[in-house]
Each structure stands twice: as C-alpha cells, then as structure tokens.
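This structure is in structure tokens; I'll ask about it shortly.
Chains here go by letter, A, B, C and D, matching the order in which they are written, and residues are numbered from 1 within each.
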Amino acid sequence: MSRYFRAKIRENLPLNRNHKLLTLETSSPENEPLPGQFYMLGVNRGGYDPLLKRAFSLFRKTSDGFQILYRIKGKGTSLLGGMKEGDMIDMIGPLGRSYPVPETGRTPLVIAGGVGMASVFSLIESIPERSYVFYGAKSKDELFMLDELGALSKGLYISTDDGSLGKKGNIAGVLEDFWGRKHETEDQYLIYACGPKPLLGLIARTASSHSIQAFVSLEEQMACGIGACLGCAVRVKSPVSVLQGSEQDFIYRKVCKDGPVFDAAEILW
Amino acid sequence: MSRYFRAKIRENLPLNRNHKLLTLETSSPENEPLPGQFYMLGVNRGGYDPLLKRAFSLFRKTSDGFQILYRIKGKGTSLLGGMKEGDMIDMIGPLGRSYPVPETGRTPLVIAGGVGMASVFSLIESIPERSYVFYGAKSKDELFMLDELGALSKGLYISTDDGSLGKKGNIAGVLEDFWGRKHETEDQYLIYACGPKPLLGLIARTASSHSIQAFVSLEEQMACGIGACLGCAVRVKSPVSVLQGSEQDFIYRKVCKDGPVFDAAEILW
Amino acid sequence: MNLEVEIGGLKLRNPVMTASGTFGYGEEYSGFVDLNQLGAIVVKGISLKPMQGNPPPRISETPCGMLNAIGLQNVGLELFLKEKLPFLRKFDTRVIVNILGNSLKEYQKISEALDDAGVDAIELNVSCPNVQQGGIMFGTDRKMLGQLITGVKNIVKNTVLITKLSPTVSDIKEFAKTAEDSGSDAISLINTIPGMSIDINTRRPRLKNITGGLSGPAIRPVAVRMVYEAYNAVKIPVIGMGGIMNADDAIEFFIAGASAIAVGTANFVNPEATTGILSGLIKYMERENIERISSLTGSLDIG
Amino acid sequence: MNLEVEIGGLKLRNPVMTASGTFGYGEEYSGFVDLNQLGAIVVKGISLKPMQGNPPPRISETPCGMLNAIGLQNVGLELFLKEKLPFLRKFDTRVIVNILGNSLKEYQKISEALDDAGVDAIELNVSCPNVQQGGIMFGTDRKMLGQLITGVKNIVKNTVLITKLSPTVSDIKEFAKTAEDSGSDAISLINTIPGMSIDINTRRPRLKNITGGLSGPAIRPVAVRMVYEAYNAVKIPVIGMGGIMNADDAIEFFIAGASAIAVGTANFVNPEATTGILSGLIKYMERENIERISSLTGSLDIG
C-alpha cells in the first residue's frame, strides 16, 4: 500500500559531479518497498515551480528508511541536489510493480545502463550471488557501487562509452560476448534491465531472439504516479494482437501502475 | 547609481519569532546606499515562484556590505528566512530617494511603527544624538535595537499595543504627549516616519496642524523597483492643486523612484 | 457550521469536488482520502465507445503548471457502468460523470444511459482542447452549445446537468448565459487553456500531440476572473476550478462567485489535497465566523 | 553568425526586443543594459492625451506570474515626442511605439505624428484588457480590427505597422489573418491574459481595478501555442512574447515561428534580461551550428 508521507534527509551524498545518493529516514517503515518500485518526491522548496513530483526508484532499503540514487538532470533534480541533512521531503510511495522474484533454478542477468542501476540494485541485493550483472555507463566515474556489485553477483561485466573502465561501448555488446561463453542453457536465464529506452529495446530484441523472458523498467513523463492522470502511457500489444502476432493493434498501459516493470515482449518498441 | 548584483549571506539572524536580521556581503561596495533607500531582493531558490523581487530598506551599512531587518510576512519573506550563510541573493539597488539630511539647527523627530524601524535606523545613526526617536510595536519582543537607539538618540519614546513596554497604545499617542512637554519651538522640528499607512496619515495630519515638515516612507506593490512598470503608484497633489488647495486634482507618482520618501504634505492620504 | 451546498437541486455534503480527469475513477485515490468526505467525485470524461487516447508523451511540466494531451482516453460508457460506477456507489458521495461526444446524438445516448443508471449529475465536456472531434466546436460556438444543452436536457429525467465551459472565448459571460438559457442547471469552469511547449534541443514539441491543455496554479488568476464574470452574468450555480492547490485558493473562488469548487492538478502534487482543502475551509469559517459556506459565494467586496 | 532579422521591411540588428510597458521609455534600463545592443525598444503604450492610469494597487504577484492594471498611464503623444523620443534617438537601436486610442481617429492622429517624427515602427495595441475604452473592442472583433488596421495603414507613409493581437479569442489564426489581410506588416503576440486575484482576508480584489492582465512564465505555454498557430496562418513576420525569462524560452518562440521576440516581465526580475538573452542566443547558435538566426524561425520538427 502506497502512502503520502514526509521523510527526513539523513544524507545527500555527492557521488560525482552529477550523481548523488540520498538517504531518507521514514518514521513508519511498515510499507516495505520492493525492488523495482519507485517513489514520487516533492523537490520544491516553496512556491509551485517546479510543480510536479519526480519519480525515483528505490535504490536500497535501510534499517529506518531507504536510499535513492539520482542523476542531476534538470530543474527538479538540481533542487533536490541542493537539499541538506534535516530537510524534509514529501513523497508518495512505494509505487508500481516490482521486478518479479526469479524462480530458483533460473539465473538472472541484470542489465543496467547508467543511472538505471538505481532501479536494479535492490533486486541484485535481494538475490545475492545468483545474478550476472551487466553495468554500462558513460565513463568510469559514472559507475557506482562496483565493490558491492562484485560481492553480490556471480559475475560483474562493465562497459563504458569512453572505455575508461571495462569494455568500450554499449553494455549490449558485453551481453553479446556473454552469450558466446555462457554456461547454462538459455531458457534458464531471465533478464532484468533498466536504462535508456533504446538500450531496453535492443535487449528486448536480443531476449526475444534467444527466447529468454526479459523484464524491463520503463520511464515516462508522470504527473500523479498512482494511475489517475493517464499521463504515463506506454504502448503495449493488446491481448488480441499478442495472439495474432499483429503489431497494429495496441492498448496503452500506465507506466506508474501497470509498470514501471513490464515483460519486454508486451511492449511495442 | 543602482546596480544589479549578487550578494553573499554572511548571517541570517533570528531576532524573534518572525523577524530576522540579514547581513550581506557585497563585493564592490562603491555604491553607497543612503538612509531611506531600498533594495529589491530575489527570494527565489530555483523556479519562478515567487516571481518578483521583494523590497527591503537599507537597515544599516557594514564595512563590506549592509544589513536588512525584515519581518516574515508571506511566501517571499518565508523563503528569505530559510536562507543560510553562504547562500547568494541577487538584488537591485540601492534604489529610490533617501531621507533628506536635516539642516543643522533643526531637531528631527523620527517615528517608526513596527518594522518601519528598518527604514529609519540608518537615518538615526547618521545624525547621532540629534533626534528624538518614537518607536511603537505590537509588543516588547517586536522592538529591536533599543540599546543602540537609546545611545544614538536624544530621547527614545516607546509604545506597544499590548503595553508590554513603554506606553500602551499607538506611537502617535506618545507623540501627542511629546508636544505637551516639548522644549523647542515647533518650526525647529522635522519629522521622519516609516510604518503602517494609517499611522503615516495620522502623522501627516499632526505635522500639518503643527506646521512641521514631515517626510514619510511609503510602501506599495512593486514589480521593477526602478520606475519602469508604473506599478507602484501613489496619489500626490498635482503641482496645480497644491497651489489651489484643491484635493481633487492629483497625479500619480512612483513610490520606487519618486519615493519611497515623500514630503507628507504632497500625499493624498 | 453548515458546509452543504446545492448545485441545481443536487445537495452536496460539502462544496469540495474533484476535477474531471484528475481523480481517475475515484479508486486511485481511495487509499489516500476517505471518499465519503468529498462533496462529489467527478470522473474522467466518458465517451460512448472506449478511447485509446493520444500517443506519449502526454504531459509536460511548465512554470507553475502542466500541459496534458491525454486525448480523452477512457473505458467507454459500457465498461464505466459495469466496472467503475459500482465501486463509486459504495461511497456516500455524489457521483458526477463528465461526458463527451462527437455529436449531439452521442451526448444524448450517453446521457440517457447515465440517467437510467442514476448518476447524480452529468457534466458536459464541451471544451476539451485535445481531440479535434472532442467537442471543441460545441464549446466555442454559442448556437451549437445551446442546441447541445437543450438536446441533452430534453433526454435526462432526474440527472442534474452541468455545462463545463471552455476558457478559450473572448467573452465567457455570453457562454454562461447561453448555458443558463438552454437549460443547464449549473456551469463549471474553467477547463484547461490550450498551450504548447518545445524541447529546444530536439526542436520537437514536448507533447506528441503538439498542443495540450494548461492546468495548475499558473492559470488560477484566469480561472478566478472567469468565475467572477460568469457568476455576475447568470443565476445558476457556478462550480469553480483552475489551479486550486489549497484552502486559500478555494476560498478565492467562493468569494469570486463559486458555489462549489473542484480540485484538479493539485491531486497529483498532493493526493490528500481534497480533504486538506476541506479542513482548511472549516478552519477559515471558524476564524471568520462564517456559519454557512454558501454565504461566502460571491462575497467579493469591491467597495 | 548573422543575428539580423527583418520585420515587415524593418531590419533589426538582432531579434531581441522589449515588450511594451515593461521597459519604460528606455531610460529606466539604460543604467543596466547598453541600449545599443537591443534589436528594438518598444515603449509603453502612448495615447493622444496623457493618461493618469488606474488607482493602486496596480500589480499583484501570482504563481509564476503577475497581474497588472496600470491602466495605460502614459505621458501622451506630445510629451513623448518632446521628451522621450529624443533620448531614445541617441541610441543605435530601433524605436517602436506602442499606441492606443478610443477610436480609429485617435489611432490615426497618433500614427500620423509618429510617422512624421520618423519612428521605426508602430505597434497597435488593440488588446489591452485594462481600460474599457482602451481598444478592447478592436482586439476581439475581426471586422473592427480590420478597419482599424486599414485606417492606420492608409495614413502612415514610412512606418512599419505591427498589430499586437489579443490572446482572448477562440481562434488566434483568424485574427492573425485579418491583420495580414488588412495590411499589417507584422503581428506581435501575446498581450496579457485577463485575470484576477482576491485577498481572502479582506475579501477585496488585490487590484483596485478588480481585473488585470496576467504576464510572466505562467502564460508562456499559451503564448508559444498562439505564436505557432499564427505563424502557420500568415506569411507576415510574427513577434513572439509572453513569459520569456531566458534564452531557452526565447528559442522556444523562434522554433514555434517567431521572427523576433520581446522580453517583458523578465525585465522586472532581472534588469539585464534582454542582453542576457542575446548572449544566450549566440551561445545556442554556436552550439547548434546555426549560421542565421532567421533559419531557426518555425523550425519545429513535428515528424
């Protein structure tokens, strides 16, 4: 059950030039967030500009609250970046559908592009030493929590656009390499991914060609975060078209409520 | 010459529940503000709400900047109240016409209602031990700088609405008492006043009945502060009507540019 | 203290309503507010057949506001009656259904069905700026508006008829009068104001639909003015909305002439906005010694 | 890099203008910006005789905007020519005079005098919402608007004619076309949107005039949309304004279809806004490899 509540900032730690780790203290921790869920955060400090709340994934639970890993992008995240210990933030959450827990016997491949790691980290944490993690970013200094990820995963594969760490290029390329060396039969794998939409589309195609189920976490402009405004529409194959294989027929689903995690095969990319 | 510049907050000291003393550090102190002048301060911290700058009087000059004494009233002043040491504020100033310097031989009566003290304090300071100061506020805890005022003035008269310090009631009443005990002939006096408009109107009438010249500092809603928007209109007797004694004929003057200090006899109350 | 208001014969427990399209079908907010506390729930605009809505992006933030081009996505009349209405009926609040159509016939068909289903009131959406055929013509042409209202009024037996006016007219008073003269029991205003925003890096509109409707505090001064003008032009009750974020804003609308108010975009920012506004209203009435909320309506002092 | 633009035959060094009524008569800002750097200075609306304007309060802040009811206070034609114009003439920038009248005759008289005085352009204010007689009728009635424009056009010999459109119409395209068809050399938009705000403690309007014009970032999405619609309806150049606070906002207007832009309320918030926008514009052109600013006009990608 999601709630509307205020949380106190315990720490707003800079990770690099434009990423921060926000640690929040919540008074009533009964609403246990699940990996892949998100919160709508008020970033505003008086006045109504910016007006809307911003969506941020649960990064990691703490004993008395949770953390958010965010990238400073525009107006709202800049304001968030300026907030200090002790400041209060009002928020709604936890929201949306979480990543489905992988059945035992299946090996999760978790793929994160950039700040997409914010969404999948708690998933990786929830299945220690079971997943292979693929993590790509622009450069070395935009890769976070590498030690933790190394310890939590069965294997950690890195790529950077500038080649400053791991393989140079897109993380999808690393994944391709992985197929070559894979140890398990493909249907044992299960993909989880969060990152830029083009990357997710690519992964969806790869997954489909290997007949692997893939869960992706999507982003869309949001106003309410709870399914009321119909703002966060994403085109999914309508039940009929899924059967008939026609891509013409579609319906809109809500990223905030029906997602943000979707079965990649449902999405019309 | 007024400038558009940024100043650094050195201190934002709470004086009581809803008044603060803001100490600003300005990099280029060549623009010497005069008593009665004011600044337009940006109170905004990202976004455009609140949009307009807020007018605040020069309270006191410092070696490398100046101070502002303000009351937390609404949205803008609340935001200002939340600002901290090191924060930057953009502002325009110094603006407007200052209190005319009293000729030697004349005794200034300086009257302040509430936060009106913010405007006249530097005037009192500029003519040490020459002025009688009349200072009224809601209650004892809304009277500031009493020690300094005692030292700077020839006499300090206090009133509070609740009688918690000085005479109970309006400061105009204290002024009335003063006329009874006054030592100098009336035309030696010169009045300076800042405070709520009804108080200023009262003072204007008293001054006129005693044939004393009075300078009052007015407030009006402002957008630009520099005479461009024509927002801050105040009705003054037009030159013709002043001669003819008719109150029908008037023109509008700008509080920001033609004031905020006006000869009380010019104003149509 | 008396919070009751009457909208064209329909008694509301209190004057706090939700604005169509911003409160889903009630369900979405039932975890945040006690729906029984609301004066009325106005649901998302319903059309005869289900509508897909516009492609994304559908919303974009603007200074103190937002643009939306949802494109009137809705479940359609049939599903609404079958799945959404029964849920709303569980609560002790008024249910008002916002409707839209491409023709008088469509409006009539929907109205008839809703009338039969016993909804408390119908709000005619004649002003949605998003879909070409979505009734934009009815909202800005007085003759067509009059015909539409009369046509629907003749069909419904018990349901109160509210006409939601478009703000994109040069004289709102004339349209308010047309609504009154044609038999509307009340008017509501304002709907969103058409707007647009462009991403200067891609040079593309921020909404796939190019233009969308502007809502939120940015438009409040325009809304208050139109409520004031409409109130002074007609005798039927006015439901005011547009940028109401808190109780103070709501009170502004009452003073301007609203008999009831609707909370829209504010729900997104604060899912408890509606009940928060209700408590704030009660506090204001206590402080100002106001016995009946209805006495606040149109109490502007222009002396 | 080429920043030059042409407005109905009038060449401007760059497309950054000031919006009428927000820049005084130029003098007020001469201590903050180098007036020579501006594309054009548009002065406060001038009437035949001096006008006192409205009683205070004349302005009130709103969310991301402000209301004003200055009431067209101005020094009148005679004093303008004698005292204000000579100052402006000292600078190497275009001088555009915004004018208003109660009748075609008045507009003609003012235009004739300004034409003789050799001002660069006249901007017809037909949309000021503050004064009953201030031309509001011209702005919302297409026939009257056409007659006004033709009437003035026939009088002026050299002066470029700009018509400033009112946003309080249901279809801005029609009014843009009327302006074009009647001989206007360019159109400018938008003027303020009528609005209102109430102090809930005193129950009085915050403006003594009750209603006023809304300006500032709050109205930007509406302005961008109208510029886009007008641009697509006419061939004459469009001057865009409404809530432009920085270079990014200005660029939005160019992409939507503006050939030049005017900075209004932003001057109050930042007296150096105009020149700041100009530098930002240059930076954007460098970054995006844009050689001529005019190529940005109407470059919206709706693909």
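Rule of thumb we're sticking to: a contact is a pair of C-beta atoms (placed from the backbone, for glycine too) under 8 Å apart; a residue touches a chain by one contact, two chains touch by 3 or more.
Owing to the predicted nature of the structure, the values given are computational and were not obtained by experimental measurement.
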Review point. Using direct touches as single steps, what is the fewest number of steps from chain A over to chain B?
Key: 1
Practice item. Give the label of the chain whose average Cα location is farthest from that of chain D. Key: A
Revision key, fill the gap. Counting contacting C-beta pairs, the top-scoring chain pair is C-D
Point to revise | Where chain B and chain C are represented by their mean Cα positions, the distance between them in whole Å | key: 47
Practice item. Could you grab the centroid distance between chain C and chain D? Build each centroid from C-alpha atoms only and quote it in angstrom. Key: 33
Check your understanding: In whole angstrom, how far does the Cα centroid of chain A sit from the Cα centroid of chain C?
Key -> 36
Point to revise | Overlap residues in chain A, where contacts from two or more other chains coincide | key: 47-50
Review point. Residue numbers in chain C touching 2 or more other chains?
Key: 63-65, 216-217
Exercise for review: Could you classify the connectivity of these chains, where an edge means two chains touch, as line, ring, star, complete or other?
Suggested key: complete
Check your understanding: Within the complex, which stretch of chain D touches chain A?
Key -> 63-64, 217
Review point. In the complex formed with chain D, which residues of chain B make contact?
Key: 1-4, 42, 47-53, 90, 92, 220-235, 250-252
Review point. In their complex, what parts of chain A are in touch with chain D?
Key: 47-49
Study note, to complete from the structure: As the complex stands, chain C meets chain A at residues 21-24, 28-29, 31-32, 44, 52-61, 63-66, 68, 70, 73, 216-217, 245, 265, 267-272
Check your understanding: What part of chain D is in contact with chain C in the complex they form?
Key -> 62-65, 67, 140, 166, 168-171, 193-198, 200, 202-205, 210-211, 214, 216-222, 224-225, 228, 243, 248, 251-252, 255-256, 284, 299-303
